[in-house]
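The first chain written gets the first letter, and so on, giving A, B and C; residue counts start at 1 in each chain.
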Amino acid sequence: MKVIGSKLTFHTQGPKGGFDTLNITREVQDQVRASGLADGTVTLLVTHTTAGIAIIEDERGHKLDQASFWERLMPANDGYQHNHIAGDDNGHSHLRAGLQGQSLVVPFNAGKLALGTYQAIFLFEFDAPRERTIAVQVMGI
Amino acid sequence: MKVIGSKLTFHTQGPKGGFDTLNITREVQDQVRASGLADGTVTLLVTHTTAGIAIIEDERGHKLDQASFWERLMPANDGYQHNHIAGDDNGHSHLRAGLQGQSLVVPFNAGKLALGTYQAIFLFEFDAPRERTIAVQVMGI
Amino acid sequence: MKVIGSKLTFHTQGPKGGFDTLNITREVQDQVRASGLADGTVTLLVTHTTAGIAIIEDERGHKLDQASFWERLMPANDGYQHNHIAGDDNGHSHLRAGLQGQSLVVPFNAGKLALGTYQAIFLFEFDAPRERTIAVQVMGI
């Protein structure tokens, strides 16, 4: 069994405090290939409290729906205690990230991620624009 | 260490585009037993973008609450950009699945899932009725 | 490769049926250190259906925002089928837990959790006050 750790870095875009989505499937698959391992899991951890990770279809309409949904559920405004108490401006970003989650585990077999045809791994940015790091742990045989 | 991959297939029911829940705990436990491994983790990945996975209690009232909640949070209607831009009818299913998540990791010890007394692993169907596949990766010693 | 299972127990506080948050990062890091392993993953499973797990910043304002959010999204009242059919009083707790999730996987390298500077692992209590158990599986080399 081998354990191979690495890091991936991405730059997100958008208005300050806004929402952005990045398809990172290729980069994750590349890390699995580079490990030389056949079968195992890749664990991804977005190392931030205002970004998240998800599996969605890479379709323009759905990505617009994601933006609308988050704005509806946790609007980007100043009505958060995080803003008042911590003197910050991204209370909505923290709430969104806490619900979406930062950790994702994907199995791979014969060196290939076990994703379905329409599945893509996405970095969800809840506090654009930022540089974001993902810890990658490939484990297997 | 061994890594043993397999697939599970389920058929969900309900009105087109609707919500369904399936208790898959026994099938997952069977995969762990079949691996012959004592201690490790089982990683489950629902390989679709309109279904999810969860740990809940298998109780009729709670399952009705789940159905009501998803309909309230992301109603099944035509107000989604996914429907307009992709010419589809399941924008709500994609949004629900993106939030609930498709990947779940459960530890096992002495061949038994480490679930609590009332915990059950459920497939959440957000776009019934469909055939659904779950990639299963058992890793351990 | 080694697999080392253990359990952590916590006591949550608050009004009956209420929300509480507990920073458990130190206890999780201690389990990783105690394993003597350098590189791998720690899988956490909250073994209950009315509690969850999250990665958030340990900041007082944000923790207040979490409490407000859950009360807004799934209010603590008697309007749940779980309460009527199962004769229980915590339908909201079950719904909240089902969405937040109970399973979390965090990579570690050189014996240290790969968390970002502001990230902390939190137990989310959705049905205070209770004793809560987390199954911990440390896997690696």
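Of note:
Heads up, the rule we're going with is that a contact is a pair of C-beta atoms (placed from the backbone, for glycine too) under 8 Å apart; a residue touches a chain by one contact, two chains touch by 3 or more.
Just so we're clear, the structure is a prediction, and the values are computed from it rather than from any experiment.
Fitting chain A to chain C on Cα positions gives a rotation angle of 120°, stated in steps of 5. Taken over every residue number at the interface, the positions common to chain A and chain B amount to under half, indicating a different-residue contact. Taking each chain's centre as the average of its CA atoms, chain A and chain B sit 20 Å apart. Residue positions of chain A touching 2 or more other chains: 1, 73, 99, 101, 105, 139. Within the complex formed with chain A, the chain C residues making contact are 1, 39-41, 54-57, 59-62, 64-66, 68-69, 73, 99-101, 104-107, 109, 114-116, 118-119, 139-141.
Taken in their complex, chain A has these residues touching chain C: 1-3, 5, 43, 45, 47-49, 73-74, 80-86, 88, 91, 94-95, 97-99, 101-103, 105, 133, 135-137, 139.
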